[in-house]
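The following block contains the structure, expressed as structure tokens.
Chain lettering (A, B, C and D) follows the sequence in which the chains are written, and residue indices restart at 1 in each chain.
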Amino acid sequence: MDNFRTDLALERRDLYNKAHNIEKDIEGIETEEEKIDDKIGISRVKVTNEKGEQAIEKPQGNYITIDFKNLKIATVQEIENAAEVVTKELKALIEKHINLQEPILVVGLGNIYVTPDSLGPKVINEVDITRHLLKYLPDALDKNTREVSAISPGVLGTTGIETLEILKGIVDNTKPKLVIVIDALASRSIERISSSIQLADTGIVPGAGVGNARKELSQNTLGIPVIAMGIPTVVEAAAIAADSLTLLIKKVQEQGESNQFLNQLQEEDKYSLIKEVLTPEEYNFIVTPKEIDELIEKMKDIIARGINFAVN
Amino acid sequence: MDNFRTDLALERRDLYNKAHNIEKDIEGIETEEEKIDDKIGISRVKVTNEKGEQAIEKPQGNYITIDFKNLKIATVQEIENAAEVVTKELKALIEKHINLQEPILVVGLGNIYVTPDSLGPKVINEVDITRHLLKYLPDALDKNTREVSAISPGVLGTTGIETLEILKGIVDNTKPKLVIVIDALASRSIERISSSIQLADTGIVPGAGVGNARKELSQNTLGIPVIAMGIPTVVEAAAIAADSLTLLIKKVQEQGESNQFLNQLQEEDKYSLIKEVLTPEEYNFIVTPKEIDELIEKMKDIIARGINFAVN
Amino acid sequence: MDNFRTDLALERRDLYNKAHNIEKDIEGIETEEEKIDDKIGISRVKVTNEKGEQAIEKPQGNYITIDFKNLKIATVQEIENAAEVVTKELKALIEKHINLQEPILVVGLGNIYVTPDSLGPKVINEVDITRHLLKYLPDALDKNTREVSAISPGVLGTTGIETLEILKGIVDNTKPKLVIVIDALASRSIERISSSIQLADTGIVPGAGVGNARKELSQNTLGIPVIAMGIPTVVEAAAIAADSLTLLIKKVQEQGESNQFLNQLQEEDKYSLIKEVLTPEEYNFIVTPKEIDELIEKMKDIIARGINFAVN
Amino acid sequence: MDNFRTDLALERRDLYNKAHNIEKDIEGIETEEEKIDDKIGISRVKVTNEKGEQAIEKPQGNYITIDFKNLKIATVQEIENAAEVVTKELKALIEKHINLQEPILVVGLGNIYVTPDSLGPKVINEVDITRHLLKYLPDALDKNTREVSAISPGVLGTTGIETLEILKGIVDNTKPKLVIVIDALASRSIERISSSIQLADTGIVPGAGVGNARKELSQNTLGIPVIAMGIPTVVEAAAIAADSLTLLIKKVQEQGESNQFLNQLQEEDKYSLIKEVLTPEEYNFIVTPKEIDELIEKMKDIIARGINFAVN
């Protein structure tokens, strides 16, 4: 079994291919790259059968990763461009599952008091909701307005209740036809922190990336399609060390200083190796960039805007 | 019909007695005062039958108001004393309805982004919950530990979902035996802002005090007893003006300068009069003291501590 | 002596004219109104001599009040329009005192932890400063770039230091040619709360409007021109009551129910009367609208944008 | 020249000794360890002459590092114990330089909007200041009360003004006899993040640990003694990787799998090596633990309490 420690299908595909020393995708995995401009790129990974599922340990479905460059210094215009890309991809994914006016529930996972985990609740605060207006002030809205509601259910550690237990009741009582879930993820690479969004129509397992998996939120458990918008905001110390070691060995080899041990190490899963070393020392911290406050603010603007134009 | 514009049974009793020019409580209303120390006082209002219900428009049950003096400059010790009083009263109310180990759900109503409405969510963040530990780490806890869970469901304006719709599902799925609801209220008097707590075992109608009533949270709607902890955090401009006018007329009368019109005005419901004047001018603002941030912090400490010692 | 309890020259002029029962401005006061659109109006009060100074107790100079309607529900476009008006008025005022490239220091008074007093520090966080870049990275900027620096000095209650003592040293050491000071004010009317900006080139007395005057910040004390941007964010309970009483008496008189006492009261300074009644009761709270968090956010956007386009 | 990338004298001493393969301190450096209890330890490094200065590139003076274990889950009692240790050490350091009643200025460096850099401003908000009371309400205080003032001057990036330029004027105008500066530092090891405090009576160079050095704050520049309280809150990715690699090689060697290259690598400065590899890839992020919000809150409580009991 591969130890991916990332929620991104794209990174899992890369790790799988590397681990098995293959260049082309295996059967069951289809990938595609698109470059929007010099700041924004899109990667599409499609898992089409059980073989693909087993390879990257992600259920069959569509995984779209949108990467932004230099988000930290993005201008207002660049934020709006990014949101537009999110809108286009999200809208297409929604239309695969429901009709134009069918009701949507937007769910922001996470903890408002923990900066790298606060993205979900912050997005919810800016989603344009219509459900209460359609109910109490229907004349104030265009008659084709889609019913949109939103909830930020908190985290198990402060509620004592599984997210699924909370959402199950809300879905039963308010009857949306599709759920969009926003969640902060763990990434394998620090460069992706608050600089990537993964859209997937296969649901989500909250906390999976940080080794603290909760009950999955998906069509299986909620009875309606679940689109997950996952944003990497943290990374393990072991992942940073593993990536650094990869770069180090590469450089050492370039300088002709290598030797059998390093060559062999280059082939291995350095992440697992380092994790094994760090864990007993209680040293495998989960970290986030120093600038996380600002990264979260910018990502929140992109996602809220992206959702608002996609659903309304 | 009286126009109370207050959620506090105590204030309604006072307004009713004044409006009907009576000194002693009518049949169906029983009241009692207790002075804890020179900073803390308790008033108990019991509505015992339908006559009492109709008089003050509050359902039959127990209403306990705890008043704190000078909360703004309270010391850590005074905060702890206040919390102790809350614990004692809350514990007694809980024990009227459920047994020692029966599960409790604590609900913090309100909007974290609106300071005078942020008390509920802030308390939830500090409630000691046990439900997830009892489920996943039972050995870590004493075997008599009560199951406590907590949720901050947001407000209709940001979720589009009635609080009742959210809670109904959670109660069905997690099966608590009693709900404690924390809500920010409107008061009739600015002195009570973030300086009083009303405990009631009759449930709550969120938003009632600001003329924006939602579906009630009570045994009727949730199927289990609901203890409401209401904390006044806002007051209408009309209430401030009415109270000021009362004081003004009183002074004018003392100075022998009064006249028939003022004497008559003194008997009247100045609040309704002023509200009528202010409303068409869009001048009947809802206000909160300048120091609301600090008042909310202190009240949060009292309530969270008060609950933690009462339920665990 | 008139008891104005407002920092706005415009309100003082109105109160003075009313108290002295005059309709036209006295010599020494010149006023002018301008309507930008149906949301934004400008009032200009010019105090031209000592007589004017004594009348409204404000030093000679220019006082420009910009009023915004319905700021609470303003769109992004309306915020930008409002900022443009601020830019135009501020730029004109700056150009009366210094040349295009002379350095400016922007000062945000107030306390970040007290919502109605947090505007100044929040604006400082969004002012585009250039002084450090001109010093350390001069090639990164256009050579005509004005030197802009900014400081949020805190309040006497948390620093123990008079704002003047802090600014004096900074002005001496960094040598700006003009200071722009942003401060939260008390208004006489709740409608103006976070809906008006007063620009004045006469400096400012921090805390004056709430009866807690500090040493003035002005050309007299700092040695360079001081433009004050004052934004009402709080109002006294007595002012609310006085305004309400005025409306009430007016209505009573319209209904022919009046009498000599009320007619006389109508002429009087109800604010002083009510203040006198409320103060011994410790009831003269300073209040702010329930929506103050959002009002401050929007006003911050207007002022920061207004300044950034005016100074750069 | 050694490349320390840490502001902690203790870590520099360790790095120096390791780099030069020595076990005992060189002449000019004296160290001492003290264990308070199983949670708190103190290390004292004294730099006594120029040789010591050159070795660890820190000026002559006293460096006291207090380490806390498991701060993340510290109880209220443990926080108070930690504050008591800070008080004792800080008081001793203050008494080396000034008398009991001589005035102190407390300076909180950092940016309130950047969580890992917000410690200084947050502490300032909780320091008990007396200077304004001694000036305006002297009778309210005991006559031996020390004059304490406090300021949070902001950062160069938002003010455009060097901290030294701001403090110089304040010191000149308010005449304290000693300055205490609180600053967030970079550490070489992630374990120390928000778990250590370094006290030093040699002043501070803001931003030094993150390669962004500002003008030093010290007796040389301010004319009075400067006690620095430095708290590590961030760490470089390269430092994490270097530490991980050290652990990895150690393990490999234990397993007898080592070889000449690794043995040689073990002796080298892996940090510099990795930094060299990461920097051209723009991969040398500065990171902070996921739990930084809570760590900062707890550290703020320790430091504010520690200072308040030390100075008053």
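Just so it is clear, a residue touches a chain if its C-beta (ideal position, glycine included) is under 8 Å from a C-beta of that chain, and two chains touch if they have at least 3 such contacts.
Quantities reported herein were computed from a predicted structural model and do not represent experimental measurements.
Among the remaining chains, B is positioned farthest from chain D, on the basis of C-alpha centroids.
Between chain A and chain B the centroid-to-centroid distance comes to 41 Å (mean Cα coordinates, whole Å).
Centroids of chain A and chain D (each the mean of its C-alpha atoms) stand 36 Å apart.
Taken residue by residue, chain C touches two or more other chains at 113, whereas all remaining positions touch fewer.
Of all possible chain pairs, the ones that touch are A-B, A-D, B-C, C-D.
Across the complex, chain D meets chain A through its residues 113-117, 190-191, 193, 234-235, 237-238, 240-241, 243-245, 247-248, 251, 257-262, 273-274, 277-278, 281-283, 285-294. By the touch criterion stated above, chain B contacts chain A in their complex at residues 112-113, 124-125, 129-133, 147-154, 156-162, 165-166, 168-170, 172-174.
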